[in-house]
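The chains carry the letters A, B and C, assigned in the order they are written, with residues numbered from 1 in each.
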Amino acid sequence: MIGAVVEGDPEVIISAPAKIEEAGPGSITFLANPAYEHHLYTTGASAVLVGLDFTPREAVSSTLLRVADVYGTVSNLLAVYQQDEAAKTKREVSAHAAVDPSATLGENVRIGKFSVVESGASIGADTVILDQVYVGPNVSIGKNCVLYPGVRVLRGCVLGDDCILHANVVVGGDGFGFAPDPETGRYNKVPQIGNVVIHDRVEIGASTTIDRATMGATVIHSGVKLDNLIQVAHNVEIGENTVIAALAGIAGSAKIGKNCRIGGQVGIGGHCKLADGTQVQAQSGVINNITKPGAKLGGSPHMHYPDYLRSYAVFKHLPSVVAKLRKEIMELKGRMGE
Amino acid sequence: MIGAVVEGDPEVIISAPAKIEEAGPGSITFLANPAYEHHLYTTGASAVLVGLDFTPREAVSSTLLRVADVYGTVSNLLAVYQQDEAAKTKREVSAHAAVDPSATLGENVRIGKFSVVESGASIGADTVILDQVYVGPNVSIGKNCVLYPGVRVLRGCVLGDDCILHANVVVGGDGFGFAPDPETGRYNKVPQIGNVVIHDRVEIGASTTIDRATMGATVIHSGVKLDNLIQVAHNVEIGENTVIAALAGIAGSAKIGKNCRIGGQVGIGGHCKLADGTQVQAQSGVINNITKPGAKLGGSPHMHYPDYLRSYAVFKHLPSVVAKLRKEIMELKGRMGE
Amino acid sequence: MIGAVVEGDPEVIISAPAKIEEAGPGSITFLANPAYEHHLYTTGASAVLVGLDFTPREAVSSTLLRVADVYGTVSNLLAVYQQDEAAKTKREVSAHAAVDPSATLGENVRIGKFSVVESGASIGADTVILDQVYVGPNVSIGKNCVLYPGVRVLRGCVLGDDCILHANVVVGGDGFGFAPDPETGRYNKVPQIGNVVIHDRVEIGASTTIDRATMGATVIHSGVKLDNLIQVAHNVEIGENTVIAALAGIAGSAKIGKNCRIGGQVGIGGHCKLADGTQVQAQSGVINNITKPGAKLGGSPHMHYPDYLRSYAVFKHLPSVVAKLRKEIMELKGRMGE
């Protein structure tokens, strides 16, 4: 099935995958990261996937299965064991769902219990809407998507094909736009009449929120992966295959390039443009445009990350660094007759 | 309709608003921020709102509409195009909702599908409760509010008039209160018997959470605007017209004044009091009372924000700053005969 | 009822608890923190709980009730007044719930309106599932738990006894695992086939998300208390009685010891191990293993917290510190004849 070169007992029977440090008889595991190699010599796993050119330093009791791409093979194997809600559920519209007669459902669409599909919405073939989901008026969802329980996609938002939205994601809340009234100090709401457009193969983590644009669209391009509890504000644009970790906040109208990697709890300031391949260290804050592709950023406000680490290394000892300089100056003064 | 002074073709036909850099024929846009002026000379918009005293530097092909308050006019125009869930839905109690017979509903109230209104709750006239919302026992909601899908308002909490709660907001979760048992190291729950009181014209972003008080109330005063994914802990009080950006956390019993502006990912420490008009830069942490109104804060722990930037400017070059001082001291030592 | 030594009117009638600064006639309050002592002399409370050895500095008009453990007594008293959703609701399976016939319900279980219990799930005796909750396939929930509205517990996850999950908590979303395709730059999803195992007496705040493991389990041990809007990534383990404040993010495979205290908005890096009793200051970032129990950490990246404060104290005045050193060196240079 996986095209491996077998080294050891070819008759070994495998029932489930496991992590190398937890694996017991009957399980298959893998070794890709050299830092875990020591587990190979003590694991109880019946079989271990390793690279084609891996050479063990000690005796191995498990059967070795040599493959060209260890991570890829693991991923394929896990998919066999995957039994998620979408895979398990019957392809039907639940009698407990409320689907407006004007909505359009493709072939083989499932709508779960207590889910709502509002007027004018359309849902592509093979898409699974699990329970307690809200699909608002005129929303368009592509083919083969999965929307987990509690997802809310509000009026007029658009999803492409093969997207996964995890539980309690909100797409299309109003952007945070208010016009201050200089006389009263009150803030008047600026209506948010744009939408959110999400392209293909986008995965969005639990409880992440993506606001609709004031005008136009907040755009998430193909292949973007967002972790949990991320805030994406109105009129933001995120480029293809960019990955963002949990609790990051992207302020209004920021434009993030392709293939960027944004760490957890990062803040990207309003209207900032990040070039393709920008990498931002966790907890950093980016406050203006990054024009050079592939920059590595850290600190708040951001700076070149290696420079941040060098400055921070001095900061860690700042009291003694300053005290030493003072002492040397004092000694010089003393020697000059003070 | 907007009382504009027309400069150009008065017969131009407009069908929708758009952003100046994206606008095409038939659309109306606006120019308020001078940083966007260059778009004016290339926009495809049929009409552009500008200030009464704006003087173009180049030729403009669009019709100019001069108004005194550009942002205010845009806001009014957008409202015409606004077609949100609340505006679109029929004013009725859905047959799919579960409303306790002891609940009181004002005139023209809408309750959406799979929403719950528990015993003793009251909902004011013209309020729209969208689908899949939970209104707990003895909750009181004022007039003309909108609660988006997935909102949870728990037992005994109170909302004023004209409030908007976006999808998946939670009002009235238990405060995070535990009494450590010194013998076992376990934490025993301190019951949270207070509530949350939200005054008029408050807007709360998607998935924001506001905890109930241990005793008394967590209070959000009139006109407060909270962005998405904000944590407001038990017994916090937030003053009128204060605005807080996404992912900020306000710890227990903090009291924030009126007209404050709190940036994204800011932390306000427990029991801290912030004077009216305090401004806190994104990602900063406030750890004690701010008594002077209008202070601008940055850093974690906080300091005067301009001072933070000055210190940070030195920090950015800290290794070379220190190296240069060391070198000069070495040179002095050398010249003194070492 | 509370075994107090009464000092003052023993006939005083008490109807409700209140905070000392807000308490009026008929209310009972408490004084445990000396910082609030001044309120004792002005409070309108009819009775005040104080410690056995407390000596007032001024005259007190309220009746004093002396007890050995003020906080513990308050907690017990509040429990009498506690009237939460779980306590109030009828013990029944709502006619508006959808419970799969293959699910197992213990005695006295309540399932609320529009809640779903999927195939193979089991729920222990006396557990209250409130409205609009999702309990996925093969989920196991122990005895005497409370799941507030909007909670989602996905396929195969396990909860112990006496757990409280607040509104909109998500347990068992997919971990954030992707394998980059070096040729296309795309990320392929790594199936997440593990689960989440939560032990006894765990309380989880509103909208917190806990991801399922890639393989094996994400584990939350007994007595852990998590605040609102926290991200717990795949394969994380959190030790007994550890407490984590709001908006913290725990990255993949981190192992946090017992009795740790993690502040708000803290980030814990992937694979980091924290020894028992580690304390992390709000907004800090931990980026490698902490092996010594009881360490106090601050800063991002983390350092010993008292050292962080000392360095930060110099940072606050960094421009003037550096300017002064430069000036002294210049003076020395001048005196040496430059």
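FYI, contacts are C-beta pairs under 8 Å (C-beta built on N, C-alpha and C of every residue); 3 or more make two chains touch, one makes a residue touch a chain.
Remember, predicted model here, so these are calculated numbers, not experimental data.
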Graph distance between chain B and chain C, where chains that touch are linked: 1
Tell me the angle, as a multiple of 5 degrees, of the rotation that maps chain A onto chain B over the C-alpha atoms. 120
Interface check for copies chain A and chain C. Shared numbers divided by all numbers used: above half gives same, below half gives different; which is it? different
Averaged over CA atoms, how far is the centre of chain A from the centre of chain C? Could you give it in whole Å? 24
When you check chain A against every other chain, which residues touch at least two of them? 114, 132, 150, 168, 207, 229, 247, 265, 283, 315, 325, 329, 332, 336
In their shared complex, chain C is touched by residues of chain B numbered 98, 114, 116, 118, 132, 134, 136-137, 150, 152, 154-155, 168, 170, 173-174, 176, 178-179, 185-193, 207, 209, 211, 214-216, 229, 231, 233, 235, 247, 249, 251, 265, 267, 269, 283, 285, 300-301, 303, 307, 310-311, 313-315, 321, 325, 328-329, 332, 335-336
State the interface residues of chain B toward chain A in the complex, per the touch definition above. 17-19, 22, 71-72, 74-75, 78-79, 81-85, 88, 96, 112-114, 130-132, 148-150, 164, 166-168, 201, 203, 205-207, 223, 225, 227-229, 240-241, 243, 245-247, 258-259, 264-265, 282-283, 312, 315-319, 322, 325-326, 329, 332-333, 336
